[in-house]
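One chain, subunit A, links the two complexes that follow: it is found with subunit B in the first and with subunit C in the second.
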Partner chain A sequence: MNREEIILAIKDIIATIAPDEDVQSLATDVRLRDQIELDSMDFLDIVMELRKRYGVQVPEEEYKELATLDGCVTYLGPKLEGKVLKQRRDSPLPA
Partner chain B sequence: MSLPRVVITGIGLTSPNGNSLAEYRQNLLSKVSGVREWEIRHVGKTPAGVCDFDALRWQKRKELRRGTRAGSISVYCAGDAFREAGIDIATRDRSRVGVYIGTTEHGNVETENQIHEVAQYDFDLSYWSHHHNPRTVANNPAGETALAFGITGPAYCIGAACAAGNLGLVHGMQMLQLGEVDLALGGGVSESIHTFGIFASFRAQGALATHADPTKASRPFDMDRNGIVVSEGGCLFALERLDDALARGARIYGEVVGHCVNSDAADFVLPLAERQNECMRGALAKAGIGPDDVDIVSSHATATPQGDQQECEALRAVFGDSKHTHINNTKSYIGHTMGAAGALELAGNLPSFDDGWVHPTINVDRLDPTCEVRNLVLNEPVRASRVDHVLNLSFGMLGINSAVVIRRYRA
Partner chain C sequence: MNTSPTSKSPPYDAIVIGAGMSGLAAGLRLAQFDKRVVVLERHYLWGGLNSFYKHNGRRFDSGLHALTNYVPRHVKNTPLPRLLRQLRISWEELELGEQTHSEIRFPNLRLRFANQFGLMEEDVVAAFPRERDGFARLVEEVRTTDPFAPAAAVLSARTELERFVRDPLLVDAILLPICWYGSAREDDIDWDQFVILFRSLFLEGFARPRGGIKKLLDLLTVRFRAAGGELRMQSGVARILTDAQGAARGVVLDDGSELESDCILSSAGWPETMSLCGRDVPVAEKGQLSFVESLHVLDRRCDALGHDATVTFFNTTDTFRWRRPDALVDVESGVVCATDNYASDTPATEGLVRVTSLADHDRWCSLDEDAYRAAKVTECERILDACAPFGIDPRPHAVDSDMFTPRTIRYYTGRVNGAVYGSPHKRRDGETGVENVYLLGTDQGLVGVVGAMMSGVTMANRHVLMPSDAAIAAGGG
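Presenting the complex of A and B:
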């Protein structure tokens, strides 16, 4: 997955977890929790969805790497190499 | 001991045949069933009572996703109960508000879902959801209600099998009488149609209804009844001490004047007419009335062969000489809404204080002679000369019996 695809993948997961939020316009360099309402349970949901959709395991001590979308790209890039973007059929994001 | 009088000042409900008291009542008087075909994993197609309320009326999508169906039903009923009571909950001292929700069972739906989920990952428990515990704790429906409305007073559930709806109401009344709270929500909810286990267990017991036409599947007192239609639903009453209700000019739906809860101590599943009889008489004694003062008995009958017989035996013993007592049944329309049943079935009868109509029990094509009871209202509504007292019966597994008497409000 390239940078755009990883951002799309994360935004699609967030759209599932926080369906009341507008994820289209999320800035990539600002902490996600400063832009939308995300608590620790939501964060665990993001980690769970990464595991279910892409088989990616994120150890607890590395959760902080997922604080921003840019951080997600840097951290997840190697883990998502060669994987295919999976979006929900009803995703609000462009396919 | 003189205790403060407690009255019902608001009703929020969702039933398989109506999402407000007005719609529900209209459908009871028009004989409209809410039972339809329902498909659930491992069981297949079966009749069930399914609700289609506006779950986003009082909650956001994220809250729905995180919570449970029982929580969603509770929040819907609570929001509507406050609104119907004319109460802006945000302006109240919410530390003095109590939430008492009866449930038959809770957690089965969520546990089955989780097991189904991890089964797809070869039972790797790293796929087990962190939401499992907050969804399955026994206070979940009440806790979600407290969260949704910022209620900081006592909020918890009362597990009482199918008597639970009555018990939520009774407990709310008692907490008001004790001065523990100034406003109470009491009633019950059910999300049971989303667990295959409840259908499978009733089927294994030979107590799950089947019928080619789902709307005819729930048929208490009929010769061809063959079991229970499982349903979801909810009903919460806003309860206040009479003085508080009068002070704010609230509309009063009725006064909770009598109740009784007892136990058979006899069998896990079989009912016992003798204890049901004692329970009814206990509620009447507390209300200070005799059987003939009861205008409507809202029966519990679930359409199992033996359960209906036992209840009718108890009803004949208590009301056999009562000329003015009408007996009806609401499960014939909506199936068995489990934890919600007591509250929903009572709510369906409360408008009788105003309009004088008694809705019938439907689907009785051939009355079982062992279920013959004086003034059983069959298939067509009847007009009562006047309705002053409704007795609502709800019984449950492990032999729990409950009876509640509501009186038309009089100063």
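Presenting the complex of A and C:
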């Protein structure tokens, strides 16, 4: 997955967890929780969805790497290499 | 290992005991993340303490008076929206109808509260002008206390309340609905539970899913199965299997079959779960409070009779008593729910009144069949006589009625003493002292429909989803 695909993957996961948040316009360099309401439980959900969709494991002490979309790209890039973007059929994001 | 290749299914990631709100929520949460999970229920119907049944062609809820924690559509970060998020249930799907208002009634006192907290503040200040500042400080304390922070000791809500409010009638008036909505402790409630319930009832509010509890149960069961979860009815757990080290390894069902898992999430209750592990708990840890509830269908809506409150918490004297009665029923205090006063797109044409009172489990269970039936009739009359002075008497307009007792509750939920709110001793971390066995629901310390589901989700996160991270990191997965 390239940078754009990783960002789409994360946005699609956030849209699944928090359907009433506007994920389209998220800035990549600002902490996610400063832009939309995500608590620590929601980060657990992001991690669980990453595991479910892409088989990626994120240990609890590394959740902090996912704080921004840019952080997600840096941290998940190697783990998602060679994997295919999966979006929900009803995803609000462009495929 | 001499396992026969034909008889045993592979181990589950988790076995959930009980298909009530907490068990179904835990099951759904786990199934969503592809865990292999089975929810086992002894009865033929799911719902546990919050179920439904048909009587003379009408469907009645057996538990739900109100879905607490109501907040308007776009409020976030309170328990209800958080819970819905975790279960991927959208707000719209619940089709919530709000309460009109509810009320606390004593012989010479009426305090109303609604989904806007201002009404309660106004009524408290009007009835107790000298308590204005104390009540405001109490509300501030409730807003800022973190009830989930690990506490050094269990505090008494009554003692804490008395730090803010001097008039004993106001103390009792505040405790009345709070105890009714979930105290397992006689004449009091734990302070952290008080804080949770004060927010749920007064700062947030009441609503009802369209069609009642069945709506929510349908959402949970359909999604659970769609996510790959297994829901087995008429599959009571006879015992929890432990290995030589005392850790749970699975369960034996009533029919003798065995299921394997090294994670058992039990909503059966604390003493009940320990009993499945072959252990007993001290009498003081067994719940004592049980209820009778009568349901009355009216030939017209309650508001047509001038009764516009949704839930009425009443006390016929100036002192509120919350204990196991020394009689079949304590008629001095009770809850009346006028279900048709919840807002609805398709308003009911009939009225439905439910009246709940404290009852003594042992007395009801010692009656023979004839005496039991006769007692239902006479006790129901006494209860209705007690609430009539508060403007609620369904009798002149009743077209149908029904009643359930501690015997019914015991039969359908397996709760020791028919204790709806479970053990007075709550276990917040869900730990039981038996390795691999965790508590869900009432005895983990969260009550009500929203509380129970929250308990299921939280315990599933904590004991199944999060530890697996560690296990996988360590090479265990």
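Convention: the second predicted complex is superposed on the first by the 95 of 95 C-alpha atoms of A that agree within 3 Å, B and C clash if a C-alpha of one lies under 4 Å from a C-alpha of the other, contacts with A are read in each partner's own complex, and residues count from 1 in each chain.
The rule is simple: contacts are C-beta pairs under 8 Å (C-beta built on N, C-alpha and C of every residue); 3 or more make two chains touch, one makes a residue touch a chain.
From a predicted model like this one, the values you see are computed outputs, not experimental measurements.
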_With the two structures overlaid on subunit A, would subunit B and subunit C clash, or do they fit side by side?_
clash
*Of the partners subunit B and subunit C, which touch A:84 in the superposed model: first, second, both, neither?*
neither
*Thinking of the overlay built on chain A, is A:30 touched by subunit B (first), by subunit C (second), by both, or by neither?*
neither
*subunit A residues in contact: does subunit B have more, or subunit C?*
C
_After the superposition on A, what does A:59 contact: first (subunit B), second (subunit C), both or neither?_
second
*Where on subunit A do the contacts from subunit B and from subunit C line up?*
17-20, 37, 41, 44-45, 48, 51-52, 57
_Which residues of subunit A touch subunit C once you look at their complex with the stated criterion?_
16-20, 37, 39, 41-42, 44-45, 47-48, 51-52, 57-60
*Using the touch rule from the top, collect the residues of subunit B that touch subunit A in their complex.*
60-62, 65-66, 126-127, 129-131
*Which residues, counting only subunit C, touch subunit A once they are in their complex?*
33-34, 74, 76-77, 82, 85-86, 88, 90-91, 461, 465-466, 469-470, 472-473
*Along subunit A, where are the residues that touch subunit B in the complex?*
17-21, 37, 41, 44-45, 48, 51-52, 57
